[in-house]
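Shared between the two complexes below is chain A, which pairs with chain B and chain C, respectively.
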Partner chain A sequence: MPRLYKLWLALIYIIGLSALGVLLWVLGSILVNGLPVVLKYGIGLFTNNIPPPMFLFFGKPEVGLAPAIVGTLMVIGIAFAISLPIGFTAGILIAEFKHSKIAELAEELASTLVEVPTITAGISIYWLLVIPMHNPSALAGGIALSLIMIPYIAIYTAETYRKVPMVVKEGGLALGLKYSTVLFKVIRGLVLPGVISGVLMALAKGAGEAAPLLFTAGWNDKVTLNPLDQVSTLSVLIYKFGFSSQELWRELSWAASFILVFVIILPLIAISKIMVKKHEF
Partner chain B sequence: MSSKYAIEIESLNIKIGNKHVIKDISLKVPKNTVFAIMGPSGSGKSTLLRSINKLWDLYPEVKVSGKIYIDGIDVNEIEAHELRRMVGMVFQRPNPFPHMSIYDNVAIGPRLHKLYKKKEELDKIVEWALKKAYLWDEVKDDLKRKASKLSGGQQQRLCIARAIALKPKVLLMDEPTSALDVVSTKRLEESIVELKKDFTIVIVTHNPQQAARISDYVAFIYNGELIEVGPTKDVFTRPKHELTEKYVLGKV
Partner chain C sequence: MLRERKLRIIALFGFAGLIVAVLILVVPLIINSYDFLLKYGKELISSMNWNPPQNVYGGLQFILGTLWVTFWSTLIAMPLSISLALLATELSPKRLKTLIAGLTDLIAAIPSVVYGYWGLVVFAPLLATTVYPYLLNLSKLPIIGILFSTSVISPQCVLTAVLVLSLMITPYATAIIRNGYEMVPKDLVEAVYALGGTKWDVIKMNLSYIKSTIIAGVIIAAGRAMGETMAVTMLIGNNVGPFKPCLLCRGSTITSVVANEFEEALLNPYHAKALTALILILIIMGSLLLAFGRRLGKKLVEAEIIA
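For the complex of A and B:
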């Protein structure tokens, strides 16, 4: 029996380490393939337009990812502006008004939405918005992404507010303060790090999603700041260029992966984790 | 409309779910006294206390009926937050706002109720409240320290300071020493006796000795029923009810 136990333990270790290995391999390959491209094209990557499809006929094209970087920020910004108020309100509702039917419904909805395949958010916004507007756009992409981000923010917010002991909230109420004052002023300092951490995690999740944007955000070789224009994003660019037979496209796909993971997503997750640490009292 | 009683309770009944926890209790608490509610664990004392400042409003499963007047004002005629502005509370376990400084814990009530015009006035209120709670000397050099860094006894006195900073008419205390050691308990009891000059205090305790030490009036509650009430001296020296005598002697 002890020998069997040891064998079992060894197996657990091997499986655990290989899971970690896969993660490191993914990150490592992005680093190894992406960083050289970023160094090769340098700052131009962040300022130049994406070379047009016929770049081979135009001599030496400018090589850059600026439209995809700006597009990502626009789409994420729009999604953030929509999902923060809705997600936060839903989270408060779920945590603090648990006796109401709407709160129950909101919780069900949030936990279901988290599980829904993200591509369905894309297709539904395509039917709802892109077809009536006759054009994909940063706005449509942002709305599709907000469907992914709202449940994240709601769940994180609810968790954070639930963590505050009832007796602390009662301490505020006993001072003759309204419930809303207790929630938004008295315990603000206690919940803010947790809520911000949730928002950052939602942003990281949103930034990495390609599926909801495929039908909704469109494509653009050039930088635009008009939310009704089509935009390219890093995630969609990775998808589009990743399989290409052209060396330059594949290079750009790796560079975009590097920027997305090491410049946008990992820092967001890191800040979020630090926030959560600070939240413990 | 002012009354000579700080609190009047008339035929109060409280049900939690199907359980009848407080059974038809009526009480009158004279002003500027310490009024102890004593009884064994589970007798309903805390339940009774929490109905005085309508804390049960948050719990739909708790049904409160009967009349409660604070200084002659029917509590059902005013909003819960207005009532709680007049009735401070100190809880069984110290519950300071852990993320705030000592100063902010005391200042937050006056700040959010806008009770002052200048910062100096707020400083004065904070100092006054901390002194009244017998905490000032221990914390005056470092008011910016986080409340969570204080000892349990200090946290509880901070909670008293937080409550009295609003100068309520009544201060409710729900077994405030149950989580404290002997020295802290003694300190807290001293501050309670000091506080009755300014406030009416209702204190719940499961410890008859504590009731005898600090209270002017005492009510004995058993199984949700009021067994006996009167001046502390009378209840402890000449109890009218056999059950009270047993309880006071530690036999219940």
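For the complex of A and C:
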């Protein structure tokens, strides 16, 4: 049976293409179901408050996702402010102090943190912050998310610094520059795209997370800018409204999915990919 | 050169940050489940009777449910990701390769909750009307029949969660396998062709050459499946009854019961602590899986970076 392998190849083609097909189906569904809702409500979707349950209003409600969009940005912003300094410095430690025990331990910790289920952060921060503060808040949600983003930024930063050829660093050192000057000034142009790309990946990852925010960020159907207030986020809204029997709320879940995937996450990933592509050694 | 003070302070800051992050993640879980585990710990991992209002906390069905869902979704994701990785390396013209690789990377970024919502509204109703009635007929078969025996077909069931979960983890595993595949030395490939081998022989050689990378990819994917929360909670049907080795039944996992019940659990301190203890058990299960993977090879750490 010399031709049997063709059968195997055909099977691989069929399985691979159907896997790709179903994955594209997911992406297509978000586009097909979400975009019409976004177009239907137009700009109001980005400025209006979230509508209350149907039986609570008479006449035409204002329909919008503004609180969830603002909430997502706030939570992500807080998480970014915490995770960038820690993640970046941890990355430097892992890449530049290699062969030291402390760097090995740091790498172990970072790669373990990446694999911890994300709901863990939600439960821990709930006990640590929400209980003492008597209230979920954007701050608690942001801190929970930062726990998820820190290891990503650390690992990407370390990868980027590792890729810089030793000769380049030695060139700087040979001029009598300090090692820190070499790391943060001389090779800045080489590492910056990689680090930024890692940060963007971490932001994209954080923006989509719902599990850590379910019990820490709370819920709010009005826009607030106070980090100690409860906020709703797009990801939590998709979950909460997804189970609803109300047509309007399910529509909003699709619109939120569309905004989350096509307006926030995919552009972040695309920019991040382009940045590293441009800068390969 | 690394004696430089400024650099040491920076490194120390990063290290302290990581340690604090780990402590914040783990210590509240231990503190808040410690007294529960002393009192109900044995019951939690040995009984399948879950009735928090009566303070009965048998959680074995959630642990088994997590393992069951992880096993099946990994099993299904394996052929999917190997085929997809081959499509993106060996089996397509060059331009298509980058397109397929780029697409799978983009798709890997779709959030779990969006997969869950898609599964709930689009995929589950479709499966329940087309595929599941046929699977129900299989329940008369000996041995494997038990997988499909259920009284009513529910769109939200273990199989729906498993299928969506396997789709979600496929891009991760694909990225790792693809990366390993491209690292195979070109002279080996040339050697196979020189011996008169076909493309299929090359594929077979390559796949056996990167066996350890494939295993690493599968273990990482299994770990992701194990901790996955939102999609599973939305699709598994959330039945907290005793575990059954069944695919068409409604079921539950550790993550799904926590996501579902934690909010109401706050009325009863022991209920909330029971769920916290379950999360602790989930972390231990995940760590065991990764430790097992690490023993298989150094490839795992590299794979984590790629995923």
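Heads up, the rule we're going with is that the second predicted complex is superposed on the first by the 275 of 281 C-alpha atoms of A that agree within 3 Å, B and C clash if a C-alpha of one lies under 4 Å from a C-alpha of the other, contacts with A are read in each partner's own complex, and residues count from 1 in each chain.
Methods note: a contact is a pair of C-beta atoms (placed from the backbone, for glycine too) under 8 Å apart; a residue touches a chain by one contact, two chains touch by 3 or more.
Bear in mind that the values here come from a model prediction, so they are computed numbers and not experimental data.
When the two structures are aligned on the shared chain, A:A211 is found in touch with chain C, with no touch to chain B.
Look at A:S244: by the touch rule set out above, it reaches neither chain B nor chain C. Once the two complexes are overlaid on the shared chain, A:N226 sits clear of chain B and of chain C alike.
Contacts of A:T47 after superposition on the shared chain: neither chain B nor chain C is touched.
Once the two complexes are laid over each other on the shared chain, residue contacts for A:K185 go to chain B alone; chain C is not touched. Looking at the shared chain after the overlay, A:V26 reaches chain C, while chain B stays out of its contact range. Put chain B and chain C next to each other and count what each touches on chain A; the higher total goes to C. Once chain A of one complex is fitted onto chain A of the other, the partner contacts of A:L173 extend to both chain B and chain C. Where the contact sets of chain A with chain B and with chain C meet, they give residues 173, 178.
Only residues 1-2, 4, 6-7, 10-11, 13-15, 17-19, 21-22, 24-29, 31-32, 79-84, 86-87, 91, 100, 102-107, 109-118, 120-122, 167, 170-171, 198-201, 220, 223-224, 226-230, 233-234, 255, 258-259, 262-263, 275-276, 279, 282-283, 286-287, 290, 301, 304-305 of chain C touch chain A when the two sit together in their complex.
Those residues of chain A that touch chain B in the complex are listed here as 99, 165, 167-168, 170-178, 181, 185-187, 189-190, 281.
Within the complex formed with chain A, the residues of chain B that make contact are 53, 55, 58, 60, 80-86, 88-89, 91, 93, 95-100, 108-109, 112-113, 148, 159, 162-163, 166.
Across the complex, chain C is touched by residues 5-6, 8-9, 11-13, 15-17, 19-20, 22-24, 26-27, 29-30, 33, 85-93, 96-97, 102-103, 105-107, 109-121, 123-128, 143, 146-147, 150-151, 154-155, 159, 173, 178-180, 183, 204-205, 207-211, 214-215, 235-236, 238-239, 242-243, 250, 253-254, 257, 260-261, 265-266, 269-270, 273 of chain A.
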